[in-house]
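Before I ask anything, here is the structure I am working with.
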Amino acid sequence: MVRVGIIGATGYTGLELLRILENHPEVDIAWVTSESYAGMELEEYCPAWRRRRSFTLRKQELSEWIKEVDVVFLALPHGLAMDYVPFLLQKTRVIDLGADFRIKDVGIYEKHYRLEHRARTLVEEAVYGIPEIYRSEIRKAHLVANPGCYPTSVIIPLYPLLREGIRFRSVVVDSKSGVSGAGKKATEEVHFCEVDENFKAYKIGEHRHQPEIEEQLKRWGEIGGLTFIPHLLPLRRGILSTIYLEFAEDRSEKELWEIWQRYFATEPWVRVLPGGRFPELKWVLGSNFIDMGLKKLREGQVVVISAIDNLTKGASGQAVQNMNVMFGLDEKIGLPATVLYP
Amino acid sequence: MVRVGIIGATGYTGLELLRILENHPEVDIAWVTSESYAGMELEEYCPAWRRRRSFTLRKQELSEWIKEVDVVFLALPHGLAMDYVPFLLQKTRVIDLGADFRIKDVGIYEKHYRLEHRARTLVEEAVYGIPEIYRSEIRKAHLVANPGCYPTSVIIPLYPLLREGIRFRSVVVDSKSGVSGAGKKATEEVHFCEVDENFKAYKIGEHRHQPEIEEQLKRWGEIGGLTFIPHLLPLRRGILSTIYLEFAEDRSEKELWEIWQRYFATEPWVRVLPGGRFPELKWVLGSNFIDMGLKKLREGQVVVISAIDNLTKGASGQAVQNMNVMFGLDEKIGLPATVLYP
Amino acid sequence: MVRVGIIGATGYTGLELLRILENHPEVDIAWVTSESYAGMELEEYCPAWRRRRSFTLRKQELSEWIKEVDVVFLALPHGLAMDYVPFLLQKTRVIDLGADFRIKDVGIYEKHYRLEHRARTLVEEAVYGIPEIYRSEIRKAHLVANPGCYPTSVIIPLYPLLREGIRFRSVVVDSKSGVSGAGKKATEEVHFCEVDENFKAYKIGEHRHQPEIEEQLKRWGEIGGLTFIPHLLPLRRGILSTIYLEFAEDRSEKELWEIWQRYFATEPWVRVLPGGRFPELKWVLGSNFIDMGLKKLREGQVVVISAIDNLTKGASGQAVQNMNVMFGLDEKIGLPATVLYP
Amino acid sequence: MVRVGIIGATGYTGLELLRILENHPEVDIAWVTSESYAGMELEEYCPAWRRRRSFTLRKQELSEWIKEVDVVFLALPHGLAMDYVPFLLQKTRVIDLGADFRIKDVGIYEKHYRLEHRARTLVEEAVYGIPEIYRSEIRKAHLVANPGCYPTSVIIPLYPLLREGIRFRSVVVDSKSGVSGAGKKATEEVHFCEVDENFKAYKIGEHRHQPEIEEQLKRWGEIGGLTFIPHLLPLRRGILSTIYLEFAEDRSEKELWEIWQRYFATEPWVRVLPGGRFPELKWVLGSNFIDMGLKKLREGQVVVISAIDNLTKGASGQAVQNMNVMFGLDEKIGLPATVLYP
């Protein structure tokens, strides 16, 4: 059994971690913390948990607890994890769902997050947590930086193409996300009357996931210019990314499919759709799958479409998948494969 | 032309007032105020107004302005209007969209709103603003207390029955409202992810509209016990009330229809649906209509269903209808009759 | 292992059965049929199933198959099951998710469903499938009539009160359901543009679940008049019923809570909420729970609110719960307790 | 007064025409037809119309009627208008909301719509109905081909740039539409449970609006390759297009703004948003505005975002705007400028 602790259990990613870990046959949740709701029973905070297991949300008293656990999940706003991680790593392994350790180029991080990084030396050590790419590093990692939701939807489908030497002249990512990606905090932006029956682009050319996507893709090949524009969908869960690729050299659709097949046929959480079929959010809802399809539009022009549940494969599901890798467990177990439909 | 001022233009009812009044052929909007956004252009605050008329949201400087207007609309949270009204009434007429002057029994008001009333003497003078009931009083009124949204949906259909001497043994009101009724303020209650795909009852047995409904109905007859339970719908606009009536003496469905016909056939904003047809929110969306239907279920048991747009007939539309009455205008003009469908 | 067959797997209740049974540790799904999609792979029909277990949707060839299974689930439109059941019962046990065997009074069934019953002698034998009430009969049953979704939400909370001798002078049930209750068939009624941002009552005084509710409640006590009005919510899953009770003799809230506690404290799928808390659809979404709360409004007047997922506890979840009872399994296993939130 | 007839009034665009024309001060609606609902009162078909003007939906008896009208609006599925238009043009002017006369290259039309064109000689004569581009031709036109919804959202913002000699190396249009664009017909595609909480791309590389966009843009300049992928939003009204432009020669953001200002400053229905602001569907809902913003992302790379109400500026509103032009009326009058918010 892997004994886990969760710091920051009351946001949407924290609650999603609990949803998954409580059903994980190889996990024992030792403790969960919440700054804002310390002392409250989880079922009081979130009545979905009535008549299930009882947890008390606790204030952090880490020095005692970290002896009890094998891994700590951090589900905190960015800028906070960097203060916990150095201490935690003395006794335990860490999976950080925030942004602090995702970007290797600390200058880029500091510029985009407008923060000084207070644990710079750990950034290099952190492994970027996409098992489909970094499995062997994750296995040994002490610190996993769980990727952003948008980056997950973009990097997984493009990685094999780049890895196989395909060079892009440009990559345009038009992403659409459900509202849970904005977090649980009440703001006018997420007021029901402002989101329902509405649709918009936001943070155009300024979203913090852009440098994360860029850094990862550039590790594997030539991407030309990267454009990334996120949009807000009037729904709760899901990211669909429509990715327009311009190739430096033309490739056939068949060739691209074969690359995907080669990389993903044995991946438990990647579903390459057959030709002519494309992802829809409803087919991944609540599951850890990433679905993807592609179509060649004309010479040198290909569109890739991917879909994930932003809280599952886009956050907490992938975090648990990383945990499975870190502790030598079957990567499939304990993760939701069942979709809630309709 | 009626010259109007609006105090508190940036909430949902204030913006709805602007939507209506700007299209009113007999109205000249002299000024609009906002405490929180003073100095901002309306089109900056609410881009729906770009390329339409330009308004600057102003800080209150009432002493100068009230000379310029014939009537002031107050669209403020409860407890604030009572401090403006005594001053305003010295020079102008007032339509208050808040709760401060709706309930004649000041003790009841103070208990339910947990406030001391600071303008008690004006409560008696205020006319409760349902034109279908109090038209002649509204015509002469200096102060109109515009009704609550839920009360409007209940009082209009029941009034003629009570007025005609039908006595109820009990009245059960099961109301369902869209989220705009909760106002524009960002709270966790109205976070998109908490409302979307959800439905719940709230303030069970404690909603402040209950005493308002009760006082009005009791003016016109015997209602036995009143039960009122509001629910929150995952949509933006609309209230549908399902009202279960137990009669002290049995009546035929035909008799009830005839009463409604007698009272409402000439009412421009009341639509009595033919037998077998019942209201739906989509048929009133954006309009000032109240739709209503009824069915006799068995001896002494009748269900009445009514539907309004909570921001229009349930708030700002009715306020403008009251203004039309106060200034001797045709009650139909300037009010939205067109429904946005689909 | 219980070997099961499913007849009619491609409607929403059929797909929900598959969602649940595929995760049930004691179940082996032997075959699934579909008239309309026979020959198609399940994952073609419903891409949520890609990379999970593969099923071929088959045409019925029952005579061979029923030897292989211990129980058959029927998820068919009403009026069809009555032709399958006599044959199936020769070799296997049956759980019918349709309406054909729910109502003991065949005359009432025939009147409301406008059908002649072609398997009348089996109606008496059928056990009404609410384990919380008929557990011992279900254990031995060969034919379980799985209840309607609305009836489930009403009968479970009222049964203990009636059983304990509380007599009602009237019961008013104001129910609100998500759209999946209307089934998967494309009609104008369920067109997105007709449902979204809309709300309405329907089949007022004419819904077929009314006689089902009435027959069940009257078995256990005196209910006075029953009123039942269903409404359509703009969401996918869930039923919330607001039930207004008038008692023949007054009872304290405490007394009612104690009755519920006595009946439900050990029930794995019933959650009685603490005083002052009431159900919301989001806390049961995707789970087999029924949540309930109550409040005394005034002398002799009580409101009960219940919430279920209409496809789970309201249909396929309850069907599997019945299967667990029939085969002596722990009633908790294989059923979804985890809620998808947000 | 312009006397108008409407053929095909019961689809969503037909009903939207009625919504607009009934409020148009210079229009007299002479007759409205419906094949499927002939003989029914409009208010029976669509209860939004109760207590407003009464219309009887009639069977086509065009030979008599066309004498009475100045213009006929055709709101029919594609392939039908071509049989009406030759006859209608003998006596009246025509605005066709369908696709039959939009594409000048008949071969392209026939290929994409899989139809033989039966009125080829009229295609050349038809004027493509975007007043912001073809105003002087529309003024004199006898036959206006009202544009598709997606093309409207793309062509208007790009036209001035092309006209001013800017050459594109590629144009990528990622469009997202509400469900009303799919029409009123009940299909599984538009079942509430299939659309709600879902999002998907559709007709990837195959949508019939692609050749329409392409033909129009190429009239005005060099566009390189055009990619167009539509997506389906879980909401009722609105199209937002995110358009990624690669320029053959770099231009400054300021230069592009100035071009837009020059072309659109006096256009009543085009709103160019100030720098840093971008369109949202909620700010155009129910209005005839097209909102647009742009941002330079890096050298030679610009994103343009536009938003319209697909039923208004994207269909019936633009049709009435065309009518205003054809009959020498002020282009602003009779068209909805007021947005329903929230």
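Chains: A, B, C and D, in written order; residue numbering restarts at 1 for each.
One rule holds for everything that comes next: contacts are C-beta pairs under 8 Å (C-beta built on N, C-alpha and C of every residue); 3 or more make two chains touch, one makes a residue touch a chain.
Being a predicted model, the structure only gives us computed values, none of them experimental.
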| item | value |
| --- | --- |
| Topological distance between chain B and chain D, in contact steps | 1 |
| Chain whose Cα centroid lies at the greatest distance from that of chain A | B |
| Whole-Å gap between the CA centroids of chain A and chain C | 37 |
| Chain C-chain D separation of Cα centroids, rounded to whole Å | 46 |
| Centre distance in Å when chain A and chain D are each reduced to the mean of their C-alpha atoms | 39 |
| Touching two or more other chains - residue numbers and ranges from chain B | 12, 180, 184, 193-194, 196-197, 234-237, 280, 282, 285, 342 |
| Chain B - residues contacting chain C, complex | 170, 172, 174, 176, 193-194, 196-202, 204-205, 225, 227, 229, 231, 233-238, 240, 242, 244, 246, 278-282, 285, 295, 297-298, 301, 303, 305, 342 |
| Contact footprint of chain B on chain A as seen in their complex | 12, 179-180, 184, 186-188, 190-193, 195-197, 234-236 |
| Parts of chain C lying in touch with chain A, wherever the complex brings them together | 12, 15, 19, 22-23, 46-48, 50-52, 180, 184, 196-197, 236-237, 268, 271, 273, 277, 280, 282-283, 285-287, 289, 291, 337-342 |
